[in-house]
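What follows are several structures.
Each of the two complexes below includes chain A, the first together with chain B, the second together with chain C.
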Partner chain A sequence: MASLPASARRARDAFERRSERVPYRLKLGLVWLGILGVMALWFLSYGFDTEFMLEWAPYILGGVGITLFVCIASIVLATTLALFGALGRLSGNPLFNGVASFYVSFIRGTPLIVQIFFVYLAFPQLARFAPEYMSGFFLLDAIPAAILALGVNYGAYMTEIFRAGIQSVGHGQIEAAHALAMSATQTTRRIVLPQAMRVVIPPVGNEFIAMLKDSALVSFIGAADLFFRASKVGQQNFRALETLVIAAAVYWFLTSVFSFFQTRLERKMGRGYVRERSHGH
Partner chain B sequence: MRKLRLLTVISLLVLVIAACGTAGDEDTGGTSGGGGGNGEAEDSGMLAAVKDAGVLRVSTDPAYPPQSSVTKSGDYEGFDIDVATEIAERLGVEVEWETPSWDVITAGNWAGRWDVSVGSMTVTPERAEVLEFTPAYYFTPASVAVHEDNTSITDTEGGLDDKTIGVCGGCTYEAYLEQSLDIPGYDIDFTIDDASVKAYDTDSSAIADLELGDGTRLDAVISATPTLEGAIDKGKPIKLVGGPIYAEPLAVAIDKNSPEDPEPLAEAIGEIIEEMHSDGTLTELSMKWYGTDLTKDA
Partner chain C sequence: MATEVIRVENLDKRYGALEVLRNVSLSVTKGEVVVLFGRSGSGKSTLLRCINFLEEPTAGIIDVGGVRMEVGPALRARREQINQIRRRCGMVFQEFNLFPHLSVLENVIEAPCTVKGESRKVASDRARELLARVGLEEKADEYPIRLSGGQKQRVAIARALAMQPDIMLFDEPTSALDPELIGEVLSAMRDLAKDGMTMVVVTHEMGFAREVANRMVFMHEGELIEDGPPSRVINSPSDERTRRFLEAVL
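And now, the complex of A and B:
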């Protein structure tokens, strides 16, 4: 300590005092701005063609609609599958339980990109052995195929989330429902699921945000989503840096927006439990 | 109660989106075109199906200027695009585009997702097993490019042995380097031995890797001469080496395994291509996009 001269120590103390007056969030924001500024300068110094970016941004941004549509449709399919999957995983019936556990194990044990190609390329080959009225299901265009593959994939992961949610409902609740002469179905629908939802909704939001990014894989089967457009424009003009930066920025913006709502939703869902915890402080 | 309502909302959403989904499917099914048109009595198989639909669905990979690329408004443009549009016009139908990746197109088994490929596809015996080809609509010479800093590679006869060469995966250039390329009616001289082949999703990715520096990731790229020249025009630091290594006849392809008989459509398009050769349409389009006439067999 003594190594520091008195004048320097005084200067440091003055700086710390002044620094304390600056809100912490402002400092955080400044660090972010600093990083972004350095990145921007770095890119610009490498002949980053902003004019080219502005010219092509409208076309690339046109893919956001497809990206969002695929994600929303897939998360709805995944939620439905996960609900049945979780009930199956908790069922005493060996058939239901077997189907559900096989589904989870198989889908979680294979890569998403394999599943996407399987639905798009392998299903049509199966169609030849299927009856005529089924052939529409086996022969899917890029976007429906992507929704099916993403929905089934995320459904398997979400099955486990739903199962945990259902199991989080105290056993006393179920016993109480039985005491009120509710049937098993009534208990599930009126007692267990509504309470499980509180536990389940926040992680489902996380899954949605993860899916926003995984949906870029659908570009490999030719769906003109955000990433497909960015990579094609980049390839044909030999400007991958510019177009990939646009794509990355848009994905980041989208996930940030959904994360914002996600945080609010979590706070709202957990509000009945927050006060209890804060008693301890 | 609130949470129950949430459940209801979710299940409603499922219903709504399921409904949207099926509506969307019908749209993209391609059966909705109302053109109808001049369905003559003799049309059969896929030709009849295309004319009934009033739409010719063409696959294209819009990463290949000047053959095919995307415009700022989201349309496609290029030599292949103009040729396909002209074919559709002469068939009396509209044209629609699909954009699957190149290896998906060359593998056949399109399952009726699109009707034809007008994608500068080289006719090879392997492809001819799964695809029906029309007569060639033009011919491109394949060439080798190296980084402009390179001084050691001066010819394609021996100069490229043991080098790392980038090509598009599933393209004829890959088969050429593996010395398995066979184009009926053409003698091919394999002058490059023991190259280590790097396959890319598309030619421009290989060119972008060559751009990084001489030998950084690649020593050379093999591609169609117009593609390489296009890259040079865009300021890529690469140069052609030696003369063309072989010429490729490029044709329209149709899936042999189509739900309907592809033969009548292949014949009709073949006739249209002969017409476009003799009336100068193809020469005109070649001059427009390549600045030279590539429609005569060298």
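And now, the complex of A and C:
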């Protein structure tokens, strides 16, 4: 450093002084814009067909509804399963605990794509052994099958998240509730779970965002989601770059929006844990 | 005249090979303030926690206000009885154990609403009275994290009182507090004693004991060594171990 000539050092110092006045976030934004600009130029130079994109965008975007529906329904199912799974894993009852730990072990030990195919393709084979009124459960259309598989799969992973959340609630809380004559059920429902939720919300948000992306797997059983439409149109017209860029952009947009809401929800759940006055009314 | 409200008979508590309580018997009458003291590990907190079954005794009998519990039969059948005892005993913990996700008022009304099925309105009115009594009515809508230790402990007292207990159990209520905050908690406890509340207090505050307690009970290595009025226990302890402990703390 010391070997730098005085004039160069002065120029560097002046540059750094000016640079300090530019907000850091603005610099970050410029780097992002730069990367996007380079990618756009690169694609365009290879004959990126924007007209084709505009023509097919509405059809591809029509898959967003299915993607979101599958994700939301799956996360609801997963959350329910995870809650019971966690209570089972923490239960002293060997039946509940056994069922829950088997569920977690089996589901986490097999690939999601296998589970999706299993529900869609293998269940129908079981239908003939099931009583008439139950056969509907084994003969699922692509979307219900996708929801069942994704929900059951994420439920197993989220069981561990919920379990950690419940265990993070201090023993003193449970004792205080018991000393107030609250029953075990009341203590769980009123004291433990609300506090566990606060711990659980951020990782569940991450799971939901992961699910937005994993939901693309349902296209393999023919559910016409975002990725299914993008890859179908792309393959048929030899324009996979264009359609996949659309799909990627939409996934990225969706995950960004959900990240934003997740942050706000986290802040809201932090009430009672932050010393600053966070509620100004 | 003196009605017995707590009766502990021949209580044993063991954790594996470790004997925490050995053949402890204790009787508390209505309106009495009993201070349990002794070295840490002497079993005083365990004894207190056995009274409302936060600890399950290994052997013996506990009778709170006529609900008599003999150690032995399956816990399940006794849940109802244990809850009856817990309704009669308010408890205040060293670490406050306020519910951090609930506001001060919600902390106080939680058990009356959930356990007794009181309406929010009725419970809130009484909660505000209780908070006023411990000098915290203006903190009703705050969350516990915004309170000082002394304020937290006073909320904890109000929360316990909201269940309208006959007895209050205090487990080292000032041990987690900064010295300058101890006074406000002790003064809330003093007021409570003045109103005739039956109290069992585990504490190292000898000044409070001398002034407020009717009886002082010294425990040593799981045994009840000495039991008498503060003047006698402090000034002329009958047991050598009590004398030595008092010399160390006074």
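The rule is short, and it goes like this: the second predicted complex is superposed on the first by the 268 of 281 C-alpha atoms of A that agree within 3 Å, B and C clash if a C-alpha of one lies under 4 Å from a C-alpha of the other, contacts with A are read in each partner's own complex, and residues count from 1 in each chain.
Methods note: contacts are C-beta pairs under 8 Å (C-beta built on N, C-alpha and C of every residue); 3 or more make two chains touch, one makes a residue touch a chain.
Remember, predicted model here, so these are calculated numbers, not experimental data.
Asks: Based on the superposed arrangement, let me know which partner A:A240 touches: chain B (first), chain C (second), both, or neither?
Replies: first
Asks: Look at A:G34 in the shared chain and tell me whether it touches chain B only, chain C only, both, or neither; answer first, second, both or neither.
Replies: Neither chain B nor chain C is touched by A:G34.
Asks: Looking at A:I191 after the superposition, I want to know if it touches chain B, chain C, both of them or none. Which is it: first, second, both, neither?
Replies: The answer is second: A:I191 touches chain C but not chain B.
Asks: Of the two partner chains, chain B (first) and chain C (second), which one does A:F220 touch, if any: first, second, both, or neither?
Replies: So A:F220 only meets chain B here.
Asks: Of the partners chain B and chain C, which touch A:A176 in the superposed model: first, second, both, neither?
Replies: The answer is second: A:A176 touches chain C but not chain B.
Asks: Where does A:G65 make contact in the superposed view: on chain B (first), on chain C (second), on both, or on neither?
Replies: Neither partner.
Asks: With both complexes overlaid on chain A, does A:G98 touch chain B (first), chain C (second), both or neither?
Replies: neither
Asks: Which partner does A:A127 reach: the first (chain B), the second (chain C), both, or neither?
Replies: first
Asks: Determine where on chain A the residues touched by chain B overlap those touched by chain C, and list them.
Replies: Touching chain B in the first complex and chain C in the second, residues 190, 194-195, 198 of chain A appear in both lists.
Asks: Can you name the residues of chain A that touch chain B in the complex?
Replies: Listed in rising order, the residues of chain A that touch chain B are 55-56, 58-59, 62, 72-73, 76-77, 79-80, 121, 124-125, 127, 136, 139-144, 147, 190, 193-195, 197-198, 201, 220-222, 224, 228-229, 232-233, 235-238, 240.
Asks: Along chain C, where are the residues that touch chain A in the complex?
Replies: 52, 54, 79, 83, 86-87, 89-91, 93, 95, 97-103, 110-111, 114-115, 143-146, 159-160, 163
Asks: In their complex, what parts of chain B are in touch with chain A?
Replies: For chain B paired with chain A, touching residues are 3-4, 6-7, 10, 13-14, 17, 20-21, 24-25, 28-29, 62-65, 69-74, 98-101, 104, 109, 111-113, 202, 204-205, 207-208, 211, 231, 234, 236.
Asks: Any idea which chain A residues touch chain C in the complex?
Replies: 170, 172-173, 175-183, 186, 190-191, 194-195, 198, 271-275
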